[in-house]
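For reference, chains read A, B, C and D in written order, and residue numbers begin at 1 within each chain.
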Amino acid sequence: MRILEYQSKRIFSQYGIPIPKGRVAINAIIADHIYEELKSDVVIKAQVLTGGRGKAGGIRLAKSAEQVEELTNEILSMSIKGLPVKKILVEEAVRIDQEYFIAITTDKDEGVPVLMASKYGGVDIEEIVKGNHNALFSMPIEPLVGLREFQVRSAALAIELPKQLWHDFEDIVLNLWNLYRENDAENVEINPLVISEGNRLIALDAKVTIDDNAIYRHPELSEFFDMEEEDRMEYMAKKYGLSYVKLEGNIGCMVNGAGLAMATLDLLADNGGQPANFLDIGGGANAEKVASGLKIILEDERVKVILINIFGGITRCDEVARGILNVMEEKHCTLPVVIRLAGTNSSQGLALLQSSGFIAAENIADAVKLSVKASKGKKR
Amino acid sequence: MRILEYQSKRIFSQYGIPIPKGRVAINAIIADHIYEELKSDVVIKAQVLTGGRGKAGGIRLAKSAEQVEELTNEILSMSIKGLPVKKILVEEAVRIDQEYFIAITTDKDEGVPVLMASKYGGVDIEEIVKGNHNALFSMPIEPLVGLREFQVRSAALAIELPKQLWHDFEDIVLNLWNLYRENDAENVEINPLVISEGNRLIALDAKVTIDDNAIYRHPELSEFFDMEEEDRMEYMAKKYGLSYVKLEGNIGCMVNGAGLAMATLDLLADNGGQPANFLDIGGGANAEKVASGLKIILEDERVKVILINIFGGITRCDEVARGILNVMEEKHCTLPVVIRLAGTNSSQGLALLQSSGFIAAENIADAVKLSVKASKGKKR
Amino acid sequence: MSILVRSDIPVLVQGITGKEGTFHAQKMQGYGTRIVAGVTPGKGGDWVLDEKIPVFDTVRTAIEATGAEASVIFVPADRAADAMFEAIDAGLQFIFCVTEGIPMQDMMRVKRYLATSDTQLVGPNSPGLLSPGKVKLGIIPGEIAQPGNIGVISRSGTLTYEIVNEIRKAGGGVSTCIGIGGDPILGMGFVELLEMFEDDPETEKILMVGEIGGRFEEDAVKFISQHVTKPTYAFIVGKSAPEGRRMGHAGAIIEKRAGSAAYKIDLIKNAGIRLASSIEEIPALLLKS
Amino acid sequence: MSILVRSDIPVLVQGITGKEGTFHAQKMQGYGTRIVAGVTPGKGGDWVLDEKIPVFDTVRTAIEATGAEASVIFVPADRAADAMFEAIDAGLQFIFCVTEGIPMQDMMRVKRYLATSDTQLVGPNSPGLLSPGKVKLGIIPGEIAQPGNIGVISRSGTLTYEIVNEIRKAGGGVSTCIGIGGDPILGMGFVELLEMFEDDPETEKILMVGEIGGRFEEDAVKFISQHVTKPTYAFIVGKSAPEGRRMGHAGAIIEKRAGSAAYKIDLIKNAGIRLASSIEEIPALLLKS
């Protein structure tokens, strides 16, 4: 779960990591109120879950009440990488002497957290790192030991941080580790961490991503889960514990298992079809979960045909069939539905669906070809 | 640092470990007030840092205001194993269906914490364990992993805890682990943990010992350090970072290094002398620390002769000499003082002491013999 | 014989009294696997599977009573890490963890603890192991494969069933089929299993089914080039998958090392490993040669 | 040659800019030990010991620049665990930790981390190692010992000086003298060092100086009985010490396994190890035979 900058900063602040003064606003009246409170020039920052906000004009400096109003309205009318800006963060403008990049992220290949740091913060660190491997300090953290002070010092040395700031830096990075550890984060990132007024370290930006599998044990974080910021269908999918990714096409897909789902999408592409989504209902899905998945697909108006490909293992095909029947009856769906059932209880499942007018496919290749054909037919 | 039952229970309560309702009192008026508050029979418990309170009559049940007053006064006039009772804990009397022993302690030989449990709680567990090894469940805890739920379940199984209480037991023991871990405890112990009213687990007693070396990082615990409960000299020693143990004799000893101090005490005993104390000034002690050590010895009125045995390594003998001179001048000490200095800067040290009337000893054997002789002379 | 485990290995099932645990314990037993015990905390003393299999409260007591050497884990995600810690601590030789959705940081810690032990872990989020006609640990449907000479290793569950089933329909058979699991942080990877297949007299060809993300396939290709003499085949899914979402710059920097399908496919081709471009192709490719 | 380290091993000092660090780095250097670097966080770039020895901010950078293989730690107790983690992580072969008063739970974690590495740790709360005329790591005063054939291992600092000094005064000499440290949780114990003395051609006799508490002496006696062929002598202090304070029942149960002086002395006598009953006796006992 990615969370917005202002939410991440709220957590930073709980962990004692210094951030600029400021608050979130949803309109110019509130923004102006914050500006009056702060008694300083302010930076207005679009709150969207994507990078590149600065380049898109979503981060602006305002020096007067008029500018605050004008820029707030401007930013709140923008979309950045397709995401409409619904909230802004109004913060005191901070003098920047030097910018650093600092992060604790997860190296999934090695199964360890990694401390990263660079003296080239504030700009596109990925590009800089690509060109110059020495630009990035990176050190694995032993999961059972946790981040050690000496590792933080190694980072401070690598990014050539002035020595009088080492102590504050150690506090910030150890707190960042505590935040990562105690909140089941996948990634916590400060870019840039700045030196301001010669001797203060401040986190100007904040990114926090929480492991979806661990959200159940952080009920206090659920308030940060902002439905408005998510795609409606992705939100529904998450709610039902399904894995859903929106794509560009018109064939709605529902498959059990991520590997089989990817294989199905690949085969669709090979056959000239265009999937509308990736949807993995996971292992052992019951009728209800199947129904939820199908409802999400039906929400998508671009969908012209539905492809259901199930190979029952831990999942039972009769359960799947029941889920499909329930939804189809309830929603009066008239779309063509191609169904392929194999494995555990597949004959029972097929028997249930027999009289329902679905297009039954023998195997995955067959299912894909029938779906592609149907997707190129007339509109609904 | 050992802390009293009522203090330990305060920490238990912070960690969500259930304890009986109650409060501490220093006289019968307060005790009666607590009795009125609790609206139940109460148990009055002497607060002293020793075991065997029950057998000594320091834990009593009171069923009326008169009894509360009477027993409070009785207990507050007791001494248990030489320790005067200055505080009592007044707690609601709790019905006891079953008593267990549960502890997390430190196996120093293996360098690991150990989870211990027994179904024979409430009585002298050490004796029972001595007779029957199966009476005690004991399982090492991997320090880098921490206590795992399955270990707690193994304990619950071993002590035959009713299954409907396993969940509560898991919470209690995991919290006990957190307490141990987060407070740098050496030992945390509940004896007895009782089943009350058929289905509630309650910690009737609580013992917590904090690692002296780690107290610096738990300033919040320093309020529990109760000077009145400690021997005055041991308290002073702790304050100055010295290692002091009171003994029964009349030869005040100050040595650098625990091993050399023990060797000195052994040699005194072999030669018919009786040390008044063990006092290790540690490695690299400066004049000030030496002076503090000497002052503690001078506080002890039983002392008839002072034996100072220093082998300088990291400690420098001239510093030691300076510390001795300062105190002797300030306190106008007239006791015989046997001094033996060897190792780092010993000649400088001896030179400083030359004209001061101390008894200089060649070596440890010499120093011990001179001290024993002086200790058998006339009183000061 | 199967790779990894012998056919008569005594097996316990952690989470045997849950819906999936019971269902699949029965299926395994029906396939001939020696299920000797179940473990469900709080249910010790019960009997399951026609009242013939005893349930214990802890793995240790189960081992003491039954001599179990391997565990299949069906415990829910919030308790699965603890189940693995318990199985490792109790000294089991093999753990097959079917559970999916285990928090990542839990799994990091399990993996480090595992490294200090002699236990071998398959999974989590693994369908387990099936050696047709011999033994089954996990949830791979028994009927989809027949005995044969093809060793199959995969990161997927259902995709593997699909492939093995197609192989069977085309008349081919499998020596052992094993899923390492769909999660990013796993016990055994491809490499350890490739080594076993290379040494397994019943395996004559090896099929590796990979995915986008992670470094498993890259490591495998290196190992195959250097150490595997048997004909090896590969299939990679995720060609049409969109780029994964970033966790910020740091995530992107780390992920760069991991591979897209195209990158992995290139590696495979360059190493001279035969690549199937679709599921349909697989049986023909494997059986013709 | 000394046991454990060779005489020309390049050594760094963690905490070299502190009072004790500077003093003893000088003493070591004066004794002939190859001090090549110091480490003090925040002081990297400074030079110490007559401006001849460079100071680094981290152990890694010190090793890269100077090739140091061992560290002597003088870092204050609240930072000493981190200094050990750093030294282990950087791959040093040997650590001698002089610092005393390290929190016990910190030390537990260091010890477990150590077990996953190839580093050998002496201490904490150790006076270090002295091989007379050859090398000195730590704080054992150089002038108290002369070269000879007696290997000395001890849990104490000053008591060891006392004994070694008496041996010197009686005309005896020492091959290597090493203090394992006075803390309950330590890196190396007696056993590992006894093995080295047994294998050391310069050591002909071994003296072990023990104390009350802990299991070090018990383990040592077992090892000596089974593996040590050289004449071995022991001295145990703490006969007159009062019983230690209890940490509650649990502590007493655990501590029971540890030994009183009387218990240890019995073990030693029963194993046929020659026991000195006082410091005075030691030189005669060792030198007459």
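Following the convention adopted for this analysis, a residue touches a chain if its C-beta (ideal position, glycine included) is under 8 Å from a C-beta of that chain, and two chains touch if they have at least 3 such contacts.
Keep in mind that this is a model prediction, so the values were computed, not measured.
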Inset, instruction - Figure out the least number of contact steps between chain A and chain D, where 1 means they touch directly. - result: 1
Inset, instruction - Could you find the chain whose CA centre sits the greatest distance from that of chain D? - result: A
Inset, instruction - Count the C-beta pairs in contact for B-C and for B-D, then report the pair with the higher count. - result: B-D
Legend entry - Inter-centroid spacing, chain C versus chain B (mean Cα positions, whole Å): 54
Inset, instruction - Return the distance between the CA-based centres of chain A and chain C, expressed in whole Å. - result: 28
Legend entry - Where chain C and chain D are represented by their mean Cα positions, the distance between them in whole Å: 48
Inset, instruction - Could you list which residues of chain D touch at least two other chains? - result: 109, 112-113
Inset, instruction - Send over the residues of chain B in touch with two or more other chains. - result: 142, 144-145
Legend entry - Sites on chain A touched by chain B in the complex: 144-145
Inset, instruction - Can you check the complex and tell me which residues of chain C touch chain B? - result: 41-42, 44, 57-61, 79, 82-83, 85-86, 89, 109, 112-113
Inset, instruction - Can you check the complex and tell me which residues of chain B touch chain C? - result: 142, 144-145, 148-150, 153-154, 157, 163, 166
Inset, instruction - State the interface residues of chain C toward chain A in the complex, per the touch definition above. - result: 20, 24, 77-78, 98, 100-109, 111-113, 127, 139-141, 144, 154-162, 165-166, 182, 184-185, 209, 211-212, 214-215, 237-242, 245-254, 256-258, 277-280
Legend entry - chain A - residues contacting chain C, complex: 2, 51, 101, 103-109, 111-114, 116, 124-126, 129, 136, 142-144, 181, 184, 186-187, 189, 191, 207, 209, 211, 213-214, 216-217, 245, 247, 255-260, 262-263, 265-270, 275, 278, 282-284, 310-315, 342-344, 363-365
